[in-house]
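Below you'll find the structure I mean.
A, B, C and D are the chain letters, set down in written order, and residue numbers restart from 1 in every chain.
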């Protein structure tokens, strides 16, 4: 981007703090994931593969730690040494948290990852030189690097499989970083329609692929600027504020009876994803 | 709107749209090119299909038998992605990972592309005329009872044609086979409630106690149950539902339970009666017949037999008594034993005692056209088929939609018996193990290319006829739809009856349109009605809900004492049905192989789940290659220590271990079916999946398990990452 | 007092001895050269392979995105500090014992920077697009991200490299003139003629030369400090546990000086042996270098201890975990080896006997360098394998042969450059050795006179 | 010493100056025509005959075909432009739809070729002329909605911003560079939002708008 553009809109492209620098005017895309509803079924993850042309790397490369799942389902066990996991497991869908003060953005030497005016962390494949500094600096390690040239690798997209590729999403070649985009192609399409009609995108008009697939509606996604959106209401009810690093829940001694939290808030990343605690019945 | 199928097929043509089609190698060429690519436009364009804009077509998911409706996003004639169709009450716009992978079944490069005739060890490509002619020829002079048709669960108009074809051949041998079907539970339900598959209202229940029913993962209709589960968890204004899962090996549902109770394999029925006994103790009045049976099951005895503490049992009883209505479900873990029917019956008693019948257990919708209603598959059918093959009674066998060579338990020696059938015709999408054993392979259209209808087994609200329609033009010219093949075969026998139907599409259209008044389309003209049906993707059948006949009785309930120690084969093998791979037909869909197993996060392989205690006793650590030996076979696989399994049990997931089925399935993992002993449920004759006993030995080899979880395993290392709270710490009412 | 250099060496002998190193090489030279070439060839092959197939062949993964490349990059940047230390810092401090050895140290600076630069390149996923991270005017109006420490890094290295080349060159001018005057016709003569810039040794030339040399030396010192501070910023400015440490810049600079000094000892001994420079690279000088190395090693040890203490007493659990992981996790053998090589082995240098014992010093210097290389690896790798997010922790990511190939290849490349340099340019500063001899003889004469006067 | 100081001040000044100059004035972007190579098409489609002006006012003007054009609106054939990301090549049916009734040119070689394709029901394998790299998300709809419908610019002018003066061409040929700098040069300008031009705004400036 040109220097003038960069300087004039500096606070948009690099956030130090979500509100102080520049409030979002029209959109701030955000998510809320209810861990009590999430069953860990992986539908979101597969939907993400389908929507975003994510390569299947195969066993050998998976073993080398080179898997590409933008959305991974983590499974945690209770850690108190009990004989059985008798309260089940704890699942957590993890993808790019779209931090407002994203550590990846500041370190990229080429400026390939920036903050958009919509409050999403963009990744520009063609600008990426592959220094992987962004991934090194990502606390969640949700950025995935193209270690190989998957489009030309055997059995990644052989023969007819290429016809499934989503034309709205680039197929990444070797040496570039990629990550969850909050399904930017869907947001762009929705904004387009809205602009043609001279309005803003309505709540529910744009769904991410994971949200759309989720059989238990655990994921909600929408515009945080719009107070009537479901996601804004959820954030508000849980008293989670985008620009705070200590939420009401943690500010209070002994916590509150709210469930909303963001992961690793103490790092002051101001993620755009709020999780709702999983609940377990105490009577059984 | 879509006027008729022929034009429509034209519309489904794949367009070359240059860069917009396949953005391969998005970072390669960085400058503008002139004249390097070719753009192909339509010859005659459909009104609505505009390059660059996705068109959505509704159809039905064929990945499992749940019958979810799907919406395919089609661009430039290529189907890109499947979503749930919101107008279906079953999946309400949602779709599981298995369903999402439907596109990979369609675009799979390993599909069979032309009819193949066995020539020694090879398949020789022949024409359709020759193939169909050959079938006709081989059937000449063969008696009806020497012919058999093996299918999976089958419904809709394909079922009608199938039935008619068998009738025309004079055969009654239709075997519907489903290796992992809940067939014992179906039979038990029939006895207890009068219907095989009642509606289970999770959304209405306050407490759900599931005896090994993996309804969130792989049981019956997981997407629908997940939807209801979400409602159940939310409850009305914060009255969150409580899920208790009782099983020997943790399923995905178990992993989501508030309390997961590890039970000694096979003692589920005892625990159910124990809970009834405890309910009695808690002051719930029991019917006399029940009380007579349950009084023997005092807490002490039950606790000793099942390994579940008396305290846990009484807690469960207290909860069940306090919160109503509840719902008790019997699933795979409970039914997979010699006394599986008894287990299921005992569990059904619990529903009766708790008064759930009619409240959370409702009668399903009746299907007004029984000829299209589903014929569900079971395991005893393949046993019956195997018997008649072994006796040399069969001369011609058709197989469609199942892979018995892979899924039949080793003890049946299915593959050897299959050789005794002189002519085997397999309808196949891929060359799986059964297709490789065939004499003639008929290549099928994929589910996204074919026409069809389906009535799901598990119906919600009203019965519905799901429409399956092509989302794009055929990828391969040499494949044919199942209906088309059956129709062609029928025409060989009853040319006159079917002469009006050029193809299965015209048959289907006329069959549906003929009944339009019964299908809610009275008064509409045929084209409009048909067009609307196709665009909706399903037809709601007129509602007429049946009634439950609550005849659940404790009389005749005999539960054996827990199985004795078997010193030669000390462990119970619990073959796990996973949400992604089910009975193995999907193993060639790479998304499913690469999508980690939710509980172990293992990919691209099979594994042996062991409780850490058992492992310690045997000196096994994670990644050891162990040999699992049953009386019927043995396999070698990597060991995974798992805190969600009873120490007396080991578990191996089903679905992998193919020796065929294409590049992504072949050679991945091991086949747990090959371990199964032929032990059946006494009442129904169904194969008891969990009754196989095994022993485990180390091979001395060790591998790194390929899985998503890192070195920290399932630990959060004291960080606040995936947080949980107990109900008394949070206030759920008022949540958005 | 021991003499750094004999005051009785004739100037012509100095010229002769040094110029002899530019003549037809000994067999040993060829052996080293061929070995270096082979190693470099292996490294080059690995890079070509990696370039073709993708970075995956290096066995890098998520979270181990950097591996040995960045570790070795820091190592080479560190090596580059020795030259500046000897030429610039000691020059300003008038420590004239540096004179016979600073030339090759400076060459080392230049070449290790050139080696380090290669690692920045080979670690890029899209090497062919590296210019995206370089500020150059383009029609898109795009600029790199000036906020990124990696960009400062590239700039600092480039500035440092160009300055040290200039410094090396300027310091060589009088010697190049000597070469020019002593050589017969040939390409070398032409080269020296051009490079000596018409040096005639006039008074005015000497005056300008001194001023220029001094100013460039002054310029270089802050650069040297900044370049490694900025390399440290690559880590310190990040948010990762184990990296986000305030003391990293001085720690890196100390480490750099340390590894640089160790490398000087190694090369000192090699050059002394290969080119028979015993009279110039004398044991007393070696002793001084050894003592200097010892002092720096203790500074490094101290800073290391400070870092551990700072982490330990901070309430940063994640950073603490990383430290524990280093000491007790799968990386422990390497980490303890680093402590041993970096803090225990240098204690040998405190023993007077060893300070002039060439075999011991050679072995020690190699161990010190190994330790310093391990230090860099132990900065990079454990943070990756034990970062903030437990789900992505992994036990150990052993680098593939491609990575090792390039690491060893880089030593080949460095040796290759260095050996070529020694054959083309005088690796001992003739004019400064002459000065040194002259000053020493003056001093001894003065002493003699003084002694005489006393009597 | 002062000489050194002078020198260094001079050098630093020079560097700073060129540096700042370079940042402020990026190299000029060629907004002038940057003619692409000639593309061989299966049928040499005469854009001038279809879109050119009907009555050539000045016969000497070489940009106007001697016979005069039809002044057909671009979007008559490229129907996608106003409602889809891609403008679309017209389907064969569209060509034939008119040409069936135009007997005067029915027997010309080009039209004969056209009907050959039509009779075979085969699409014409047109070569793509304005082929952006695959990672670029360019949306015709937005541009047309903005310039033609909101701002009432003549269609040919609006299309011409990127496609050049197509009405004077036979086979379309790229006239603009379509490079990123070229796109940005326009996006950075302030354009009136509507006809009244009460408010102006520039094009989107974040990378994701055009990169996918």
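By definition in this document, contacts are C-beta pairs under 8 Å (C-beta built on N, C-alpha and C of every residue); 3 or more make two chains touch, one makes a residue touch a chain.
Values in this document were obtained by computation on a predicted structure and should not be read as measured data.
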Touching both subunit C and subunit D (chains): A, B
Chain nearest the global centroid, as defined over all protein CA atoms shown: A
Centroid comparison with subunit C (C-alpha atoms), farthest chain: B
Where subunit B and subunit C are represented by their mean Cα positions, the distance between them in whole Å: 65
Rounded Å distance, subunit A centre to subunit D centre (Cα mean): 36
Where subunit A and subunit C are represented by their mean Cα positions, the distance between them in whole Å: 43
Interchain centroid distance [CA atoms averaged], subunit A/subunit B, Å: 31
Of all residues in subunit A, the ones touching two or more other chains: 1-5, 67, 72, 74, 125-128, 149, 169-171, 175-176, 264
Shared interface positions of subunit D, touching two or more other chains: 23, 26, 133-135, 179, 184, 212
Shared-contact residues (touching 2 or more other chains) in subunit B: 17, 19-20, 23-28, 30, 709, 715-716, 719, 721
Overall pattern in which the protein chains touch one another (line/ring/star/complete/other): complete
Residues of subunit A touching subunit D in the complex: 1-5, 9, 12-13, 114, 116-117, 120, 122, 124-127, 168-171, 181, 184-185, 188, 192, 195-196
For the subunit C and subunit A complex, residues of the former touching the latter: 53-56, 59-66, 123-127, 129-130, 132-133, 140-145, 147-151, 154, 234, 237-240, 384, 387-389, 391-392, 394, 397
Touch list for subunit B against partner subunit A, complex: 14, 17, 19-28, 30, 75-76, 78-84, 91, 93-101, 103-104, 107-109, 216-217, 222-223, 226-227, 229-230, 233-234, 240, 242, 244-245, 250, 252-262, 315-316, 318-319, 322, 475, 579-580, 590-596, 598-599, 601, 603-605, 613, 643-644, 663-664, 668, 704, 706, 708-709, 713-716, 719-732, 734-736
Residues of subunit D defined as touching subunit A within the complex: 23-24, 26, 133-135, 137, 139, 141-142, 145, 184, 188, 205-209, 211-212
For the subunit A and subunit B complex, residues of the former touching the latter: 35-37, 39-43, 45-47, 49-51, 53, 56-59, 62-63, 67, 69, 72-77, 79, 82-92, 125-126, 128, 149, 151-152, 155, 157-167, 169-173, 175-176, 209, 212-218, 230, 233-234, 237, 255, 257-259, 261, 263-264, 275, 277-284
